[in-house]
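Structures are listed in the sections that come next.
In what comes next, subunit A is part of two complexes: it sits with subunit B in the first one and with subunit C in the second one.
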Partner chain A sequence: MAAASTAGGSGGGGGGAGGFGAGDMEVEAYRRLFPLPFYERYLQNYVRPDARPLHRARDTSVALGPIASAHGSSSVKIGDTTMLAAVKLEVMTPSAEAPDEGSLAIEFHMPPICSPTVRPGRPADVAPVISKQLSDVITSSGMIDLKELSLISGKAAWTAYLDIYCLNSDGSLFDAALLSAIAAFSHLQIPLVSLNDDGRVIAVSGEQLENNSTIELVNKEKRKLSFQSIPFSLTCVLHNKYILADPTAEEESIMETFITVVLDSMGRLVSFYKPGGSVLVHSSTIKDCISLTKQRMEELQNILEDSTSAMEE
Partner chain B sequence: MGEMEVDRADGRTASQLRPLACSRNTLHRAHGSARWSQGDTIVLAAVYGPKAGTKKGENPEKASIEVIWKPKTGHIGKLEKEYEMVLKRTLQSICLLTIHPNTTTSIIVQVLGDDGALLPCAINASCAALVDAGIPLKHLAVSICCGLTESGSVILDPTKAEEQKIQAFAYLVFPNSPLSVLSKGSSAEDDEPIEHGTITSVTHGVMPVLDYFNCLERGRAASAKISEFLRRSLESQTK
Partner chain C sequence: MATNPSTYSPSQSSERKQLQQQRRRLFQETDWTRFDGRGFQQCRPAFLKTGAASAASGSAFAAFGATKVIVSVFGPRESKKAMLYSSTGRLNCNVSYTAFSTSIRGQSSDHKEYSSMLHKALEGAIILETFPKTTVDVFALVVESGGGDLPVIITCASLALADAGIMMYDLVSSVSVSCFGRNIVIDPTSEEEACQDGNLMITCMPARNEVTQVTLTGEWSTAKINEAMELCLDACSKLAEIMRSCLKEAASAPS
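Presenting the complex of A and B:
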């Protein structure tokens, strides 16, 4: 409430000068009726209603392994935006074109609990778009070497089903979804498998292995995926000359122009996504957004490392 | 500079576009329509509207834009959903939405041929169709696809075969020269002219940051040619 009372104070000052009684109005009412002027008052002072400076992202936390039945899972919170991701592996026959590669199937879900704008029975418009962008970014960044998912060339390979559920949608959905995908893959433990007498691939549990030492394992070593380069993203909302990093849902709805930059850990550009919007971007803004993403990448790398070490303890 | 190094299957130079063609008013029942082709990539766009009322969830104080993408064959998938969203947001940013509040304008995009650079072709077609329907616009938008080859050189307007071979490509949309009704300073940053800004950028594949700026520069230079063509074909058909 501290932020709201300051807004009331500055509103009173502005109202006196302009002859409009903005200060007499309830701050919440002013925020709803005139969202853009409300935000502009904050932006002039390079601060946002949630007390963040313009370029700071919200508090981010990553927890690994919340779903015990999945082979790899994670839950991610960026501010109030919450994602739950799970990877399940299944043995499939690889395609004829790529006999020693596994495959990925990525799906992003927005159930009605995540936002008042999503109605039951009518899927959200953005869900398939985010789904598509996630698969594009994860495949093109080369984060996962599909050859590592191969078991027996031409016969058997893993298909990794990654499902991401948005539990609370409060802006920057793509960033949270991508982070949860990376965390779930880094938590992924590939199960042990062996061949049975019919030549079919079967899963082997730890107990079976202790009781019967004659089982020949197909994948003794490859239990974890090694990442080549990891993509990290940052969404920014643009308004006039201001760049607001990691917007909330309210900020996204008021200021319609947004940019999502994805960089990989080697500093290359994986995606520069700006779908329209009333603000045109010039090269200086593009450079600013890229350098903000670089800063954010370092933060996210530390958060991911902390979450893995917290897991091991 | 470096243009001769690139060997393209159809014998074009790196910055040469495929032949452009645009015809307007091809559909009689639609309020506006246009057929735009770049080589074998052909898109037909029809505009219906402004019709009364907006859909639920849209802001009734502004005109609402609806985009319906029809693929050449089969059903609409995730890729087409993404195209729909990018196209809708791009057209929203060039239309003057405050002129017809509480109306919906539908743009139906029918793909007739896909030989690469499909989304840019659809954006160009939709823009011409909006002009044909007389929808008030802030400025025209022109779209182009810039491909980045393995050797790091930029090729413009790649075909489908080239798109699959190259390491990365970017779909870019630029505004053409502004009309004077635009209030100064609303979209132009300081002294930069608005045609130096980018409306839309969608990239595929990994590229070094420097090469992205290279794509932007080359795309912007070529967009001047397309916008000149668009202007000319709009003028010749209004007579």
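Presenting the complex of A and C:
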């Protein structure tokens, strides 16, 4: 049996002296057999087995443009959780109700490579839930003005297909997925298009423009999306009085109550999600979670800016 | 103008076809450098890395030009309940594509044919007796498809198996060649594959000089097949060298 342990950190160190029943049992075995007591001994000292303080998120990195064939793409790592997001634009005829608006289609995938619990043919239960949450947050936050995706009013508009793949699942999937979605949209470069004789929209390359100045472009200016406000999220796991920010998969499986807060860059609350769980929450805890999300938002804004400037260099 | 029920990609398909025909003609001449600047007998630059996914027992990432593949290996773990008792281990393979892997969106999901070919290519190399009653799962995700997908998947999968510590007789490496009229072109891109006359893929264990899988499609002459096989086997052993050095690097680097 060589099942992989989910946490990246070392099993050593730990609670230190004495304790109950542990004796000379190996730390790794104790962790597996009694996960909750194992964690509680850490939590008493306000530290986690991966050496993080309770409120600190894992190291986060964002890279833009890993998928050359997409119009916008990003890969995001939060600790060991890895996401890959890509936006592809296609042309559609806008609906009669909103003739000058484009549309978004967001899908979150958990392929079998991401976790030992996902088997081919049986998609993970959480994948459609996260999919729905993502589209709700992205549409309701008003981050993307759908009018910017319009090409010719009533005739043609962009549909942005955003596909997010979880490549390695180690907790806080929603946070990583949302960050990768934002990064992919910020990397999105809308292609130049013109109309052909049949009224279909066709792509125009730079070369063609130089050779043929008669091509009439439909979208000369609208090449990048301007964000009204950007949503950022933080998931916390609750256990007794402890709040653990950015949980790993192990922490999520042991402590079952979690809260996801989404704030936008103006500090407004976009979404608050606490799907049941054994811990009932006081309003002070909610306030704590929101202020933790505010701190995390500043971190994430810096990380996003760094990735954009790294791309431009 | 008729309303389109669904969306379409704005790239011009008619022009693409013309371009392909042009390519086809050019390929039949002998002196022609390929569109990515390679010679006929030159493989794409290969990038291999192990251990990218921590949730898996072993994993590998492979990028051959535009083709990018991730393979995770899980297990050996308990076989499905419905399975009968088996004194040897089982191998379970699955290949899927991302929605954005191909130029036309939405041709994703499971690839049954590649899944079974991957299984057959690896089966002979793995020492199944070392994990009786259990199953090893090999899952591949094609992130971007840029041609020669199956050989890259197989190569990457054997690297991931090695990373997971699954016992094998030898590393498995795989290379394909395309045939264009009089020319043989190694490690084709998807543009080249789209207009090829024939294709040959060899999967082998270079250190043992054993072939686990050969597929041959399209128009070939016997002399050509021999030439192509020589070319493939040579490339396979070179690829195995790269794989070996990748594993050595990963083993010697501090984790």
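In the analysis below, the second predicted complex is superposed on the first by the 292 of 313 C-alpha atoms of A that agree within 3 Å, B and C clash if a C-alpha of one lies under 4 Å from a C-alpha of the other, contacts with A are read in each partner's own complex, and residues count from 1 in each chain.
Just so it is clear, contacts are C-beta pairs under 8 Å (C-beta built on N, C-alpha and C of every residue); 3 or more make two chains touch, one makes a residue touch a chain.
Worth saying up front: this structure is predicted, and the values here are computed from it rather than measured.
After superposition on subunit A, the partners subunit B and subunit C are accommodated together without colliding. Shared-chain residue A:276: touches subunit B; no touch with subunit C.
When the two complexes are overlaid on their common chain A, residue A:161 makes contact with subunit C while staying clear of subunit B.
In the superposition on chain A, A:80 makes contact with subunit C only, while subunit B stays out of contact range.
Using the contact criterion defined above for the overlaid structures, shared-chain residue A:68 touches subunit C, although it does not reach subunit B. Contacts of A:95 after superposition on the shared chain: neither subunit B nor subunit C is touched.
In the superposition on chain A, contact is made by A:121 with subunit C only, not with subunit B.
The partner that reaches more residues of subunit A, of the two candidates subunit B and subunit C, is C.
Taking the Cα centre of subunit A as vertex, the centres of subunit B and subunit C in the superposed model span 120°, given to the nearest 10. Legend: residue contacts after superposition of the two complexes on their common chain; A:290 is shown touching subunit B, with no touch to subunit C. Nowhere in the superposition do the C-alpha atoms of subunit B and subunit C come closer than 10 Å. Interface of subunit A with subunit C (complex): residues 1-4, 6, 8, 67-70, 73, 80, 82, 84, 86, 88-93, 107, 109, 111-116, 119-121, 155, 159, 161, 163, 165, 167-170, 191, 193, 198-203, 249.
Within the complex formed with subunit A, the residues of subunit C that make contact are 1, 3-4, 6-12, 52-57, 59, 66, 70-72, 74, 76-77, 94, 96, 98-100, 103, 105-106, 110, 137, 139-141, 143-144, 165.
Remark: subunit A residues 117, 125-126, 128-129, 131-133, 136, 140-142, 241, 256-257, 263-264, 267-286, 290 touch subunit B in the complex. If you check the complex, the residues on subunit B that touch subunit A are 57, 78-79, 81-82, 85-86, 88-93, 168, 170, 173, 175, 187-189, 192, 194, 196-209, 212-213, 216.
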